[in-house]
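Have a look at this one.
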Amino acid sequence: MSQNAYLPKLGRIAAIKEEVAGARAIKTFRIEFVNGDGFEHDCGQCAMISVFGKGESMISIASAPHVKDYKQFSIMRTGRVTTALHDLNVGDVVGVRGPYGNKFPVKDWKGKNLIFIGGGCGLAPIWPVVQTAVNERRQFGNITVFYGGRSSRDIMYRNELEKLKGDVDVHLSIDAQEEGWDGYCGFVPANVMTKAPKADNAIAITCGPPIMIKYVIQNLKELGFEDDMIYTTIENKMKCGIGKCGRCNVGKDYVCVNGPVYSWAALKDLPQEY
Amino acid sequence: MIDVAALKAHAKSLLEKGSVRAVIGYRKSTAGLLAEPATIADADATDDLIFDPTCVQNLALYLVNDKKERVHSRSDDKRPIAVVAKGCDSRAITVLLQEKHFPRESVHVIGVSCEGTGVVDARKLAKKLDGKKALSVNFDGSEAFSITTEDGAQSIPAAEVMAERCLECRSAHPTLSDMTFGEAKSERALHAPFQAVKHKMKDEQDNRWAFWARQFDRCLRCYACRSVCPMCYCEECVVDSINFAVLPDTTADEKADRIKWIERSPARSETAMYHMVRAIHLAGRCVDCAECERVCPVNIPLRLLNTRLEMEAFETFEYNPGSDMNAPTLTSSFRDTDPNSFIR
Amino acid sequence: MANAVETAKDETGFEPKIVAFLCKWCSSAGSDLAGVSRLQYPSNAVPITIMCSGSMSPMFVLSAFNKGADGVLVSGCHPGDCHYLKGNFFARRKIYLVQKLLQFVGLENDRFRMSWVSAAEGVKFAGVVDEFVKDIKKLGPQTRLKAKR
Amino acid sequence: MTKRTGVFVCHCGNNIAATVDVARVAKEMGEVEGVIFSKDYVYMCSDPGQSTMANAIKDNKLDSVVVSCCSPTLHEKTFREVTEDGGELNPYRCEIANIREQCAWVHKDKPKATEKALKITKAAIKRVQNNQSLTPIGVPVTKKVMVIGGGVAGIQAALDLANAGLQVVLVEKSPTLGGNMIKLSETFPTLDCSQCILSPKMVEVSKNKNIKLLTQAEVQDVSGFVGNFKVKVRQKAIFVDPELCKICDDCSKVCPTVVKNEYDENLTARRAIFIPFAQAIPATYTLDESSCLGLNPVVCGKCADVCEVGAINYDMRPKIITEDVGAIVVATGFDLYGKENLGEYGMGKYDNVLDGLQFERLCSASGPTGGHVLRPSDHKEPKNVVFIQCAGSRDPESHCAYCSKICCMYTAKHATLYKHHVPDGQAYVFYIDIRSGGKGYEEFVQRSMERDEVMYLRGRVSKVYEQDGKMVVKGVDTISGKNVQIDADMVVLALAMQPSKGTADVAKTLKIGRDKDGFLAEAHPKLRPVESVTAGIFLAGAAQAPKDIPETVCQASAAASKVIALLSKDELMHSPAIAKVRLSHCTGCEMCVQACPYGAISLTGPGAKASVNDVLCEGCGTCQAVCLRAAIDVKNITQLQIHDMINASLGV
Amino acid sequence: MTKTVAMEKMLNKADLAAWMGKLDSHRLFSPALEDEDVWNYMPVEEAAKVLLNHPNTVRPPKGFVFPQREVLYEYSQVPGEAPVLNETLPDPAPAVVFGVRPCDSRGLVRQDIVFTKEYEDPYYQGRRAKVIYVGQACNQPPSPNCFCMSVGGSPCAEDGLDVLMTELDGKYHVKALTPRGSELLAKGGELFKDAQAADKAAVEKAHASAKAHPQRPIKDLGKVAGALKANFDSPAWDEMAKACIGCGICTFLCPTCHCFDISDEVKCSSPCKGERVRTWDSCQFPDFTMHTSGHNPRETLGSRLRQRVCHKFLYFVENHDTQQCTGCGRCVSLCPVGIDIVSVVERLGQP
């Protein structure tokens, strides 16, 4: 097919995993391209997923770039398209176009300590970085993951996180006390403070609800992290993915092209319209 | 004639006493002849207020917008807001009160009577002046406008350049107000109501369709007509929404199940449906301020469409929108004597 | 499959697509009676049973035309007989307005009709549909409000 | 949206299969999005059909089913039960597509009928895919009933209810039970004495332990809904303790004020402290505040002085009594059409122009004349009496449009009674036509004409005036076409019956409708004649329409039995297919509130948005069509569902 | 588009129709009354009636290259099977649009930047390649709200045009600006005479006098961007937007605005069939940026007015070194409530 950026490639759903149930349900979809189509991506990039008759949604690619056989997406059911996606079954075919956006400069981080701080479904956009770092474990220093959900049922990638233990310091938390929970209870930024990771030679990568990000950044700065040592991703409504439809425009940036990955140093200067 | 100085003084004293949050009125625009709606919170700025035949906008809209804004800003200032209201504006406010959009005590209505005239139709005026640019329009006695152009001032009989709606106006005196400027004139001796609609109704059906098809085809779906309508205050319009009504507890299902009655494409069928739904929704609510028609950048005669059902409301159901804030609405009431013979 | 959901067109000509909104208690029951009495009428009108003619939103009428209906019929209980007391009185007022509007924009008068059919009026129901189909056949396909799809 | 729909297409033997290609319907419906099982079967409603369905639901984990078969009025219940019991699926996940009555039976052309069956079935699929699982709403009931109005209707209803073991609160506005009937002399068609048949019932009421009688009381406010009403009753102060009152009449003898006695239709007088009549229930004197000189020993206090038992207490104050009841029977009865309205007949102007009830009093042994028909002006026996029927009835131009139904009969009765009292007198009756439907009624009228030689004149009276001590009645006899003039001694008008004063207020308080004549409106004129439009509120007696005693009693017992049935369960089940508000879209415009026929919606909460009372809502959807912003929808027949059904019916 | 040496010719006014007649391989458009008072680019039905004496059209000519509705592709999908997509790239017949005002052609240049810089939008390109813009210099300002010169343009600006015509006494001075323009003139053959020195002088005079018409000024255009940035948080945005009704007039009718929405238009629900289309959208609509969660980064009218003005006078300048406003004055004249981009820039875009 042509170079038409609006035309999706087709992908078959190879597996569906229910991460979180309930009102804010999240499912992870493993999608394999059909017809020999496909594209490569970088950590932090996203793709537009189409359910024909319903529309398109921009979703972060949650699998690591080195995984070539499929792409993985973790999608929260929130509206028309995402509900339609949640209604699909293994074997169904959807449209996928991308990759869109910039990337986490993972290559520049070789040799550094990586600290991941995620909340809720905000783990998905930074998960490829975690995967990449673990895959090239020796290239990096200490890897620490802070992750929290509202309750133990809201913890996504539970098994994967368990498997990481050993290679990686994993600190899980839930917002409120629950029976049988032996991890931290409280909000993620507070958990970060109690463990107080060192800022030396470190990069902090965070994603989650805006209010969480706000406190995480505050706390990180208290711990001595400089603005350019903190990375996050932002979301804005998107339609085209190629900087034309105008929707995700913030200041001079189009989030779909110039984002979604920002260092706090860069984000600070952007108008707060995200 | 309206004593504008007294109006200003009234506005000023309201603000000085702090008895209102702000005054919604008119001021001179930088963009052209027509006045600009102004929300004035500062007593000193009341001097900017004007009232002349260029004050065409229906300011009831800004009461609606004010409510939205206050919800957004979580303001807890309980004082009323004052608004300058012509006859049609006050009817619109009455409909809003009837629909419990806000409580009566939250608005202080400064009524202004249109007496024997009304407001100017900028397009008619431009034609009348044949290329000359009007700089200002003022009342000139009770039946004429004084128009200033680069060549000086001239007086034109108001009826020649008056908005159609004013020619057909059934109550040019505010029906609801806390303070009124200008006198009530019962004799206006202008056009009979619904003249334009009745004229169009005489046309052959096929011609009527050809006419409307041409109009609908031209529509941009910019939604200015709806945005300017004080009655189209819905958070989310059923026909085609440019806003979503979402509360913190709105479920994913509710969002996913929004009905798409029409497409956003500017196709004839979709546009026709948009305008017809609006006309139906305005039945018994449209106060004929004709703002929809005025704002349309491509001159679609929406007043003609919307007053069609107004005519039915008035003539068939003896329902006069904006006359009684305590009455049930047109479509949420009925009479045993409603027409029945059209049913087989 | 594709033609399954389209109205079959016989060689002789145009088969109108009609949506008939019937209130559950009278008109739908009336159409049942027509069935029990084995009355024959054309198959063009697809019934949609609604609780009460009072629940007939003008949106349904306009939408049906938008989706390509050649005719729309609304039928409810006679005045005074509404199962829900007065739903049909509200319907009457609203439908009257919708009809006037459709006529004003120039949709052919005969394409939109309302009738009162009681549960006992099986014959009337069959007659209403029969007549409606005939009238619409005379008009041919509805093109004015139909979306080009 | 459901994802696993099953479709079952019934052949109905050959009933459907002869004209609809059921196999094709089953096949094509199997290809519709979300349908994972589709099958045709010869008789879906048969036992094997039902188990096929039940098994298919379980085996395929269906989450919604459509049965394409006969009218839902026949088997919706059956298939929903199968869905629930056999399929272990919520019954509301089952919808019926009617392809028999609405399709197979009315078309002959098989391809066309099949096309239509496809559309009908697809529409049902689209609908069911957005159905919610619903459970009927259970509402606990209070096993207590309020009866409003203590006329014969109220008395009968209260007794029936009390005898069925229910607690009853009987609220009567006046100081005594009995209503209009207790004032009657003898009753048609059998001419038995009204008081003789009603008094024992009144006594029974006062003795029945299950009945709480509140006289001089009126309902002030009603909230709640069927099974759970909360009623506030305001009871006037009567200033006499009924427990102590011995009915000795000492008090009234000393009372200085004299006023007209409404219990004798103002033909006699009474004191400020009085008993309406000897058999009044409750049996006690009562002090009428409005005619008393001042309720104060300083001003008068004579009655209190003479009352030996000290039953009189000037310090009594009105009471507000709150009662929780499960149902309400309204039996507020009738009044005669206002006399002031009939000036043309000299009503209210001449003493000798009487209304029917006054005449009843004249005939009554306990009445002002001790049962002798004497004319009020001079207490002479009238020799010529003119009875005018339809006085105020059947006159849409100037009076009431309706027929008061009983006047023909009671006029015949009056004329008969008159003749019994004054055998040498002449009774004339002006009538339009005679309506004497009812057991023994026609015979009764005939008797009055033949045996009692009552002179029936067909025609209207144009004028009544007094001349030389006579009442001149001018009219036309339309049969002979001649003008007639009768110089009568007395004229009796059969005034129209109208809803009793205050009916409008009662209806408003109870939120029940009234018809165009002001009578209380029944839920359905044919099928639900004793129910009001509001669930749990029932009607009895003349408040609903003019009627005579047998009919009144019938209706009262019918209302009572409806209530007994209603309250026989501990919980009421209400259909869950009711309206639901999308709060994000509601602007609180109140249109739905105005339109809901059941008053089920009110504005509540911050920002005042619509809220539906689950129990009052009947699911009619009137609100849905009135709401401009589609903020209110009836569950399982939402606008989204109708939208989808429209599309399916048009093949879009 | 590479510029060649301009070719300057003269055309008798009376010969305009004849020239048009020779362009029958193209669809021709020129400003005409679509309905009472509504000037629009309409297909030329009778060349002799084309007068080119129009005020500014209500719609800019952007629809020729960026129509309000563009089908991106058609899809169809049977449940359980793979969807079938059918790309629908536009391939319209070539068209010549006459009477394009220089502000509008400069708008086209802005559209080019958006749709072809970095990524070439195939739909835009497909149409752009087929449309020839014949401009018309504004001897008289066509609208009282014109301010082209205040934003770096002029009543006789040439950018974006293939041909520029200037009305002189009884004649048009016709200047071909691109090879496509030259071809168009070549088709006229004999009708065109070479412009003489006197003609050139007359044109220059006409242009000079056009430029001398007073326009609404914007002081220090170069400093506007900086000032807007500094005033980003000013409460004046909300104040100036108070009257705004949030409609789409200003953006839909702006020759430079390019925002769009993409949505699925369903023709049949099962089997699922339909079109994916893009339609104009507006940053002034509240749902433009509203997330599904209800969170809206630009919730207030003020923030949306700021977006419109800053996009045109700040962000576009930062990205492309030019304003995204060409001073056509439409948004000023057509705004129902007098929101005036010039006074906004005057108030918030001045240091």
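Think of it as A, B, C, D and E in the order they're written, each chain with its own count starting at 1.
Simple rule for what comes next: contacts are C-beta pairs under 8 Å (C-beta built on N, C-alpha and C of every residue); 3 or more make two chains touch, one makes a residue touch a chain.
Computed from a predicted model, the values in this text were never measured in an experiment.
Q: Please report the minimal path length, in steps, between chain A and chain C on the chain touch graph.
A: 2
Q: Identify the chains adjacent to both chain C and chain E in the sense defined at the top.
A: B, D
Q: Between chain pairs C-D and D-E, which one is joined by a greater number of C-beta pairs in contact?
A: So, comparing the two chain pairs, more contacts are at C-D.
Q: With centres defined as the mean C-alpha position, give me the chain A-chain B separation in Å.
A: Using C-alpha averages as centres, the distance is 49 Å.
Q: Report, in whole Å, the distance between the mean C-alpha point of chain A and the mean C-alpha point of chain D.
A: 66
Q: I'd like the Å distance between the centres of chain A and chain E, where a centre is the mean of that chain's Cα atoms.
A: Chain centroid spacing, chain A to chain E, equals 39 Å.
Q: Can you pull out the residues of chain B that are in contact with at least two other chains?
A: Only 238, 246-247, 250, 255, 261, 263, 267, 331-332, 336 qualify.
Q: Touching at least two other chains at once: which residues of chain E meet that condition?
A: 78, 261, 263, 266-269, 271-272, 288, 290, 292-293
Q: Provide the list of chain C residues touching at least two other chains, using ranges where the numbers run on.
A: As it turns out, chain C has residues touching two or more other chains at 1, 5, 58-59, 63, 86, 90, 94, 149.
Q: State the interface residues of chain B toward chain C in the complex, per the touch definition above.
A: Going through chain B, the ones touching chain C are 197, 200-201, 205-213, 238, 261-263, 267, 269-270, 272-273, 276-277, 279-280, 283, 305, 308-309, 312, 316-317, 330-332, 334, 336, 338-340, 342-344.
Q: Contact residues on chain B for chain A in the complex?
A: Contacts found on chain B: 251-253, 255-256, 258.
Q: Considering the complex alone, what residue numbers of chain E touch chain B?
A: Result: residues 34-38, 40, 58-59, 68-69, 144-145, 242-243, 245-249, 252-253, 261, 263, 265-266, 277, 279, 282, 285-288, 290, 292-294, 299-301, 332-340, 342-343 of chain E touch chain B.
Q: In the complex formed with chain A, which residues of chain E make contact?
A: Those in contact with chain A are residues 72-73, 75-77, 80-83, 85, 87, 89, 114-115, 118-119, 121-123, 232, 258-264, 266, 269, 272, 274, 276, 278, 281, 283, 288-293, 297-298, 303, 307, 311, 314-315, 318-319.
Q: Would you tell me which residues of chain C are touching chain D in their complex?
A: 1, 4-8, 10, 15, 17, 19, 28-29, 31-36, 38-44, 46-52, 54-60, 63-64, 67-69, 80, 82-87, 90-91, 94, 126, 149
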